[in-house]
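In structure tokens below, several structures.
Two complexes are shown next, each including subunit A; its partner changes from subunit B in the first to subunit C in the second.
This part shows the complex of A and B:
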């Protein structure tokens, strides 16, 4: 393969790796938004907690890496259920401004809890994978990157099937469309809310746990993750599941190729520029909700 | 008449109030990032200053008074650093300020120092233009990036045996001044610059930038990053199959970096203002105390903190009064012998005379392979 094509393939591969992660995080955010009508500014903190808990379990408690990842996700789910019960259930009929402020407060709170518990030092999760890179015709990757792509990709597909094909998914989509009508036909809204919040948090935590192997986690990681997730969700359409997937991959690709063939100082600007264009010309996003 | 007396008394009271506070202790304000992306390094700075001040207080403080530190979190955010600086000067009545960390925050705080006429000393911010503004209250006790570039750019091609250099640096004053200064002296020494790429303070994955650097086929990569980004960079560079030497300005020789980056740190070159493996009586004692109290080896940020607080206290001692204006005048005459040799300030308040180091990491230990003395600019 000629070097310039190898470099192009490398950029594409980087784009898929990061795009899958964006998609996974954004799916959770869009689900919480679609079902509960909450713009969750604490979403990135679930990512951060997923990473930190996985680090804590592997490094400090000596748990097997492949056991630690799901355990970390389950712990975040437990936290999400507690938060849903203690806070968001009470705010079901509150205006969006109120819930937004609550999630911003929650994000600051969780960040500082992590700071107190684990300190400001960045941590990376030790993985059992060999660190030696693999080369395919001049395109490099590592077993860890492949594992990340496999896990994030599989979770995207599984979540999509859950929402499209199962009874619970159907109930969720019904709640997306009309809360009162779904309650009338016997859907337990409170339960659907809890599922949506826990599921959304789980997806973000899973992303944090797998990516923590090569992207160091630290208490303030959450805010940039939230920001990127909002970019994806606005691109794809607030509340649209397919939009989050496509938007995530698009943003990953756009950043990789944009930074690859334009001055790298502009990398972050690409996503935000795309958001401005979408808001100007297609304010409902690339895909309509639900 | 009665009212006049009362007003007079009030005026006298208000006028004397700051002195009443200043009588008890000598207050020094510290603004460092204790949260945010460089929180870890900022905390090292703060802990070092505390340790040094505890020692000084145990020996009787300065001017017969105890030194009191008032510490604020600037989060490497210019607005927050300015607020912290204002608070320290106006409310806490500090006589000198130490800070900030990131050059952008220091630049913002310099205006606070000038407005309130309180000296501000940085030991970390290396963006060249800070000392070019002629701010009479600002002092920099560390070499600027261009000074490091001049000192080391010429020896880099020989020291790391490379010809084609790529730059991958933080997109801020620091990184920008690096790519504006190093290339000249590298090119003069026969090297060549094949790529210049940037990343943001918030970035933690650099795959696009690394792939782009790789496409330029360099013999060595010069980087500017602090701990967290340095770890991610060195891992990801190796993961994308690049094996050439890395040369870093920033936290590339600190314990936390070496531990977190693991094997990816082996063979890294650090361009640093301080490294714990140097030997002189002051550093030997410092390293011993640091290891005992803070349980790790001091980093360049610890070194910077040690220099900055000692220079300020030395100036207060020579000023003979805890008065910001007198301290400022005393700082100009600084002739301080510390961890990295002698430090004096030039007319623009830029430190010179100190030693800087090129360290090579072998088995997790940074060994000094080249030293240079910062010439008077």
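This part shows the complex of A and C:
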């Protein structure tokens, strides 16, 4: 392969993983938005906590890496359930300004609790994988990278099946479309809220725990991740599940290419510009059937 | 009514007397910062409290005002007397252009796009190194002399003097806002907040009036940012940090959104309160976040007005205190 094409493939490969992570986070965000009608500004904090908890369990408590990841996710889910009971349950019929301000408050709260507990330094989760790079036709990757890609990819597929094929997913989609009618046919809305919130938090935490292996986590990560997830959700159409997956992959690839071919520092601007353009010309999102 | 006027006059006298009573530099500093925040927060209240759209771009307008002033000073030696109006007008124009695009969207999309805009502006301030010097920021801003006919040049760089500059701008901002919200424009703001469909059916363009609030709010934020830049003498991309918009929102919400006195008082309270918590700096933001959550959930009218109503005897309650 000619070198320039190899470099292009390298960028795209980097983009796929970030894209999968974006997709995972955005799927949870869009689900919470669709079911609960809440723009959850604290969503990125679940990613950050997933990463930090995995780091804590592996390097400070000496837990096995493959055990630590699911445990971190479960801990975040427990936190999400507590939050749902303490705060989000009260927001069911609250006006949008209230829900948004509360989630903003929650995001600051969680960020600074993490700061208090783990300090401001970025932390990488130690992984058991060999660091020797693998080469395929001039494109380099590492075992850790392949593992992360497999996990995030599998999680996307599994959650897609969960939403499309199970009774639970069907009930969620029904609540998405019409809350009153769903309650009328016997769907327990309270429970759907809980599942949607916990599921969304779990996906974000999983992304955080998995990516924490090579993108160091720090307390401020959460707000950036939230913003990126919102970008994806708007690109894909708010409340659209497939849109979140495709939008996440697209943003990941675009940013990887931007990081490769644009001056440093500007890659984060790509998504922001895209959002403004989409809102101007196609406010229902790129993929949502209008 | 006369009692109300008396109280207003007393407050004004008290405000002007602050530097006579307070000689401690540190407390004067806090008074100045509180005044600057009050100006910005009044602008935020117009869009958040009166029109009812949550804008998270307000701190970005504040920072853009600061940068405008700083760049004009560093590159063209424009003093604050020119820089402040220029900053106010420029941020107003930018908000007008931005608003004409994004105020067409409502609700969640509007909120998200205001954050995205703020973040984009931060990226510009950070990465356009040739102009903004990136993370290093722009240092060396000065407070100019004030030329008064008959008195000559007065040095206003001391804190006690600069306090008066801030106070005059803040009072002007307050009066302008009062003029707006008491006029038919202000009533249309509230109607759009309470029932947008009804407003539209009466021929009141929600877009136009949201835009007035959004752009004028940005003018105030820009002016406040310019004062801040000259007062502190330094601007950096940190001004775009999300914590600024959070603290401004706390001032508006806890002060009492949809009133003017409330957010102005909120600015004072939440400038002094963090300083009391200085010992527990790690806990400061955690406490703030908790206050924000609890207040939005349980105190939709803020803390000041319910507290005042609770404490004052019945006959002392002014009729304005309870109308949001």
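The criterion applied here is as follows: the second predicted complex is superposed on the first by the 281 of 290 C-alpha atoms of A that agree within 3 Å, B and C clash if a C-alpha of one lies under 4 Å from a C-alpha of the other, contacts with A are read in each partner's own complex, and residues count from 1 in each chain.
The criterion applied here is as follows: contacts are C-beta pairs under 8 Å (C-beta built on N, C-alpha and C of every residue); 3 or more make two chains touch, one makes a residue touch a chain.
Because the structure is a prediction, the values reported are computed rather than measured.
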Room on subunit A for both subunit B and subunit C (clash or fit): clash
Partner chain(s) touched by A:283 [first = subunit B, second = subunit C, both, neither]: second
Touched partner set for A:153, first subunit B, second subunit C, both or neither: neither
Which superposed partner A:7 touches (first subunit B, second subunit C, both, neither): first
Which of subunit B and subunit C A:215 touches, first, second, both or neither: first
Partner chain(s) touched by A:100 [first = subunit B, second = subunit C, both, neither]: second
Touched partner set for A:145, first subunit B, second subunit C, both or neither: first
Subunit B versus subunit C as contact partner of A:169, first or second or both or neither: neither
Subunit B versus subunit C as contact partner of A:268, first or second or both or neither: both
Partner chain(s) touched by A:18 [first = subunit B, second = subunit C, both, neither]: first
Clash with subunit C (superposed arrangement) - responsible stretch of subunit B out of 45-53, 63-71 or 99-107: 99-107
Residues on subunit A lying within both footprints (that of subunit B and that of subunit C): 111-112, 115, 263, 265, 268
Parts of subunit A lying in touch with subunit B, wherever the complex brings them together: 3-4, 7, 10-11, 14, 17-18, 111-112, 115, 119-124, 131, 133, 135, 140-142, 144-145, 214-216, 218-221, 224, 255-256, 258-260, 263-265, 267-268
For the subunit C and subunit A complex, residues of the former touching the latter: 48, 52, 54, 101-102, 105, 107-109, 111-113, 115-117, 119-120, 123, 126-127, 242-243, 246, 249, 253, 282-283, 285-286, 288-290, 292-293, 296-297, 300
Interfacial residue positions of subunit B with respect to subunit A in the complex: 34-37, 39-40, 42-43, 171, 197-200, 202-205, 207-209, 211-212, 214-215, 227-228, 231-232, 235-236, 238-241, 256, 260, 263-264
In the complex with subunit C, residue positions of subunit A that touch it: 33, 39, 87, 90, 96-98, 100-102, 104-109, 111-113, 115-116, 223, 227, 230-231, 234, 238, 263, 265-266, 268-269, 272-273, 275-276, 279-280, 283
